[in-house]
Amino acid sequence: MRHAEGSCLIRCGDTHVLCSASLEERVPPFLRNSGQGWVTAEYGMLPRATHTRGRREAAAGKQSGRTQEIQRLIGRALRAGVDRQALGERQITVDCDVIQADGGTRCASITGGWVALRLAVNKLLKSGDLITDPIVDHIAAVSCGIYAGQAVLDLDYAEDSEAGTDSNFVMTGNRTMIEVQASAEGAAFSRGQFEEMFSLAEKGVAELVATQTAAIA
Amino acid sequence: MRHAEGSCLIRCGDTHVLCSASLEERVPPFLRNSGQGWVTAEYGMLPRATHTRGRREAAAGKQSGRTQEIQRLIGRALRAGVDRQALGERQITVDCDVIQADGGTRCASITGGWVALRLAVNKLLKSGDLITDPIVDHIAAVSCGIYAGQAVLDLDYAEDSEAGTDSNFVMTGNRTMIEVQASAEGAAFSRGQFEEMFSLAEKGVAELVATQTAAIA
Amino acid sequence: MRHAEGSCLIRCGDTHVLCSASLEERVPPFLRNSGQGWVTAEYGMLPRATHTRGRREAAAGKQSGRTQEIQRLIGRALRAGVDRQALGERQITVDCDVIQADGGTRCASITGGWVALRLAVNKLLKSGDLITDPIVDHIAAVSCGIYAGQAVLDLDYAEDSEAGTDSNFVMTGNRTMIEVQASAEGAAFSRGQFEEMFSLAEKGVAELVATQTAAIA
Amino acid sequence: MRHAEGSCLIRCGDTHVLCSASLEERVPPFLRNSGQGWVTAEYGMLPRATHTRGRREAAAGKQSGRTQEIQRLIGRALRAGVDRQALGERQITVDCDVIQADGGTRCASITGGWVALRLAVNKLLKSGDLITDPIVDHIAAVSCGIYAGQAVLDLDYAEDSEAGTDSNFVMTGNRTMIEVQASAEGAAFSRGQFEEMFSLAEKGVAELVATQTAAIA
Amino acid sequence: MRHAEGSCLIRCGDTHVLCSASLEERVPPFLRNSGQGWVTAEYGMLPRATHTRGRREAAAGKQSGRTQEIQRLIGRALRAGVDRQALGERQITVDCDVIQADGGTRCASITGGWVALRLAVNKLLKSGDLITDPIVDHIAAVSCGIYAGQAVLDLDYAEDSEAGTDSNFVMTGNRTMIEVQASAEGAAFSRGQFEEMFSLAEKGVAELVATQTAAIA
Amino acid sequence: MRHAEGSCLIRCGDTHVLCSASLEERVPPFLRNSGQGWVTAEYGMLPRATHTRGRREAAAGKQSGRTQEIQRLIGRALRAGVDRQALGERQITVDCDVIQADGGTRCASITGGWVALRLAVNKLLKSGDLITDPIVDHIAAVSCGIYAGQAVLDLDYAEDSEAGTDSNFVMTGNRTMIEVQASAEGAAFSRGQFEEMFSLAEKGVAELVATQTAAIA
């Protein structure tokens, strides 16, 4: 995207998310004169990103509970990888717009959003507006599920619809945890099954971090 | 509550939540003629449940993202303990209104909401409107955190504000998992710390299930 | 309520209203630098306070006309008993939340709201933040109706539904009038019937004022 | 107004209200198949009806509490003069739009709205769509106040702003009461003062009823 | 209108629009300290201005797309005739409220709105608050259509409903163009037909400008 | 776009619009049982499509007046090229989402939207769901302006910001007119200047129609 300070189109199978990072030299009211910056995220989906057309949220007059839940998650996740003191009193807004959806859009948004954020911060470092790098580590996310009794990584829409459990793991580049979410969609899951998903996620995030590194370079 | 089919006032320390279950002989459009029922939840907080008065959501003209996220969680959790085929085409709405807040309101809402739901279903069984009990197991929830480097159970507001991690565990009566959520508020957490919280939560839920059983009796 | 500067649970028959008074050291824009304070009220009803569950106003996205009318009445009534110059530039918000409803919720809100307000002001007097008491008199309210041709005091929901006329009288401790409202629900009423209701209301308020005095002590 | 079934421009001093009655052959859901009709009212004010321009409610995105309170009052008042069984399953909506305001707009709306309603019903009687007249009596309203210690009729804006008490009386043609509202704006008022206003209002309504009769003829 | 700085009731056949100009000594945020003024417009329609009652926009909770489109057009048109530097940092809001509609309400609003604006500015010139006249020329508008294959001026509602094309021309007093809009409602139109409408519009505007001059005098 | 019945990414310089056509086997209420179909459009812009980030309309809670005006134009334009009787009782919604903006987004949306619509209809013809082609002609649109005194075609953002006049021409494949809009942004324009823009637009549309034909093939 020509205008954004940083941007990235992430494709995970048929899930395509366009991520952009926009820099503003102001912070939310609660941070004014605090010397700290802010990173926030917004999430949207084109009406025909999905199998059947969904209602445009702007026309509906509000963001759904699901949208708000997702963008709060993306914002929390990206902030966890930033030293807000080092960022200084500026705000970076990461917009994640799903162009095409096939499962796992929130994880793709976090992983791609981090790349957009990284590129925007690189620009600030290059221009000398920032001396110390405020980004402390990679942030990446994967989804897992229990499909046909088995823990599997990164379900597509068809698998996801039938999966008994849906989970998301957000981690840093050195595999500490930022956010862990698992939800039984059908049958409850055992602690053992949860641990299997956890281990798969650790491997998945390692691959994503490598891909992020390649994308930045 | 005199009018509700089932109700419960749950107190966890200084957190007090009034839960009521309301029965309606109709279901949402997507379930009509499906033979299945629905359980849903709504969450609210009195403006002065907290240290400083919060804005009344009805006056603000919308429910916050946080409120929607919580009531979606409560609804998912309670549905996980119900056989919706056995419930038949009726809806039970569980309202959880926080009278006083001191941390852990979503977990208290789930645990108390289940008691209200159980009482409402008991009424249907007693009146003969239901023959088979649609409730398959208890549902209860606890929060944990990493406080001063240590995994602890059920943080109050003061601890919660300083905790490095906040987690919620929703489980059934026989300790299978419905929902697991952990979020780093400050520093990222290790897999080991997560496992400590998980074990604490299993013990906490066992106590809550015993308390639920006593409350019903 | 542990957090509120003043609070009160008023029960009139099966009508239960939880009233809290919250103090803020700021006033609405139109009073800034005027040296005067403000007292305002908000009113709400738990969804299952009534026989059948009502829609949650926060979920509906707005307060009904009835709610707004009632909270404007409560605010006007309570302000009438306060010397706003003596209160100084601070605002007290009185929240009246109906936990259970059986007729007369607006009158119970005014009567109980005044107790919460009185307690909050007492705190300010005790702490020395206020020297002169800004509360000039009690404010209390009763409803009356014409039921089966007869003027009666304080109708419950069943009577209210059949009553030909519904009236509310808000008075001070020494029985001067703050607000008088009477509305024909079925047949019009005569001036004579109105006067009968008025006289009953004067007696009813006298009792409520005595109860308020006892509650404060 | 050329299109309305009945209409009336009422001028009370510098208060001008344009009232129209619109007939629809349908009723609100709660009256379907009841054989009864409905009369309802909506109230609005042109932005520059007042000394300084007020915000357009359509642009603000909602009707103020004051507007809703007034239109609920107008509707209740007009319904009190109608036999809804005789009206049959049709709805008449009375729109009252204040073109210019100088105090007493709600009373002018009721008095003028009744004329519009009467004319619309006359049309139905003339066309044979109605055989029995559903209008059982005139409905008219006046405002009174306590101004400089004295009960006075029909205050203009300047008097109203300084008046200690504001009251509205809605009556039928034979002087029975539909709605009585009195509100202390400054000092509380005594029962004696209230009775003085009441007597003045009875005279005022008698004059308005005569004017209505002349307007219809 | 007694309170407005300028006002005008324009009648074009059965289309009646009440226009008022309100002066405020402040400008929108984007013009603060720019030395320039602003002219803006709002448009509304009484619910029963039309054949069948339309929904009140204030009750619906928003202005329709059509209303917004019209009021943006009126504002642009009127601003085109004003030297905003000469106006100085003040805002004039022109409200156009349709009392009765029979086609061409947006054009009537522009033509009448200009008269209200002219009168308000005259007041400022007379009082000495303005020395230089900021109004540089008349602004007037007419609608045309292709009706039964023929270009015609100023269609009424019945013609408009059947017209194949609807166009609006906004011009200055010396016939330069401010806004040209033509829209095929049924069949597409040829460039030749468009030119015919254009020539008719030039004549129509000449007449309106003469009428404006007479109205001001 | 994988899921849409028809889709197209149109790039006019740095303006990129993603257009999709979604088919639904239902029509709006006013067309039920009429045998006719409907074509409608929605328009949106990614927040960072522009130089500085714009507010997300879904977050703002409503579509701006500009958005509504544009999507109404796109819908009207596309419907003008469709025989709605031949389409039958089905609806096609064309979503136009601006990925990157540099002037002329509404014209690009119409031109690209037509391609998406054409592809969706082709699918219906191929599957046999439609026998007669309901598309009667191409629809394409260009913008023109008066820049530095000269009529020019298809201004980019920088030119557009300085242009004295902005115009849009929507035409069919055989150059009859669907919509003509010209608006003076600074100085008024003469009829002669308008005719120059008109002639340029006729040439521009001819090129776009050729490009559409190539894109479909």
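As written, the chain order gives the labels A, B, C, D, E and F, with residue 1 at the start of each chain.
One rule holds for everything that comes next: a contact is a pair of C-beta atoms (placed from the backbone, for glycine too) under 8 Å apart; a residue touches a chain by one contact, two chains touch by 3 or more.
None of the values given here were measured: they were computed from a predicted structure.
Visitor: Enter the minimum step count from chain D to chain F; a value of 1 means the two chains touch.
Guide: The distance in steps between these two chains is 2.
Visitor: Between copies chain B and chain F, what's the superposition rotation on C-alpha atoms, in steps of 5 degrees?
Guide: The two chains, chain B and chain F, differ by a rotation of 120 degrees.
Visitor: Centre to centre, by mean C-alpha position, how many angstrom separate chain B and chain E?
Guide: Taking the mean C-alpha position of each chain, the two centres sit 57 Å apart.
Visitor: Need the CA-centroid distance for the pair chain A / chain C, whole Å please.
Guide: 49
Visitor: Please tell me the distance, in whole Å, between the geometric centres of chain B and chain C computed from their C-alpha atoms.
Guide: That gives a centre separation of 33 Å.
Visitor: Where does chain E touch two or more other chains at once, residue-wise?
Guide: Residues 62 of chain E touch two or more partner chains.
Visitor: Around the ring, starting with chain E and passing to chain F, what order do all the chains come in?
Guide: So the chains, read around the ring from chain E toward chain F, go E, F, A, B, C, D.
Visitor: Could you pull out which chain C residues touch chain D in their complex?
Guide: Those in contact with chain D are residues 62, 65-66, 68-69, 72, 76, 80, 167, 171-172, 176-184, 188-191, 194, 198, 202.
Visitor: Would you pull the chain D residues touching chain E in the complex into a rising list?
Guide: 1-4, 7, 14, 18, 20, 22, 24, 42, 44, 46-53, 56-63, 67, 93, 95, 97, 99-100
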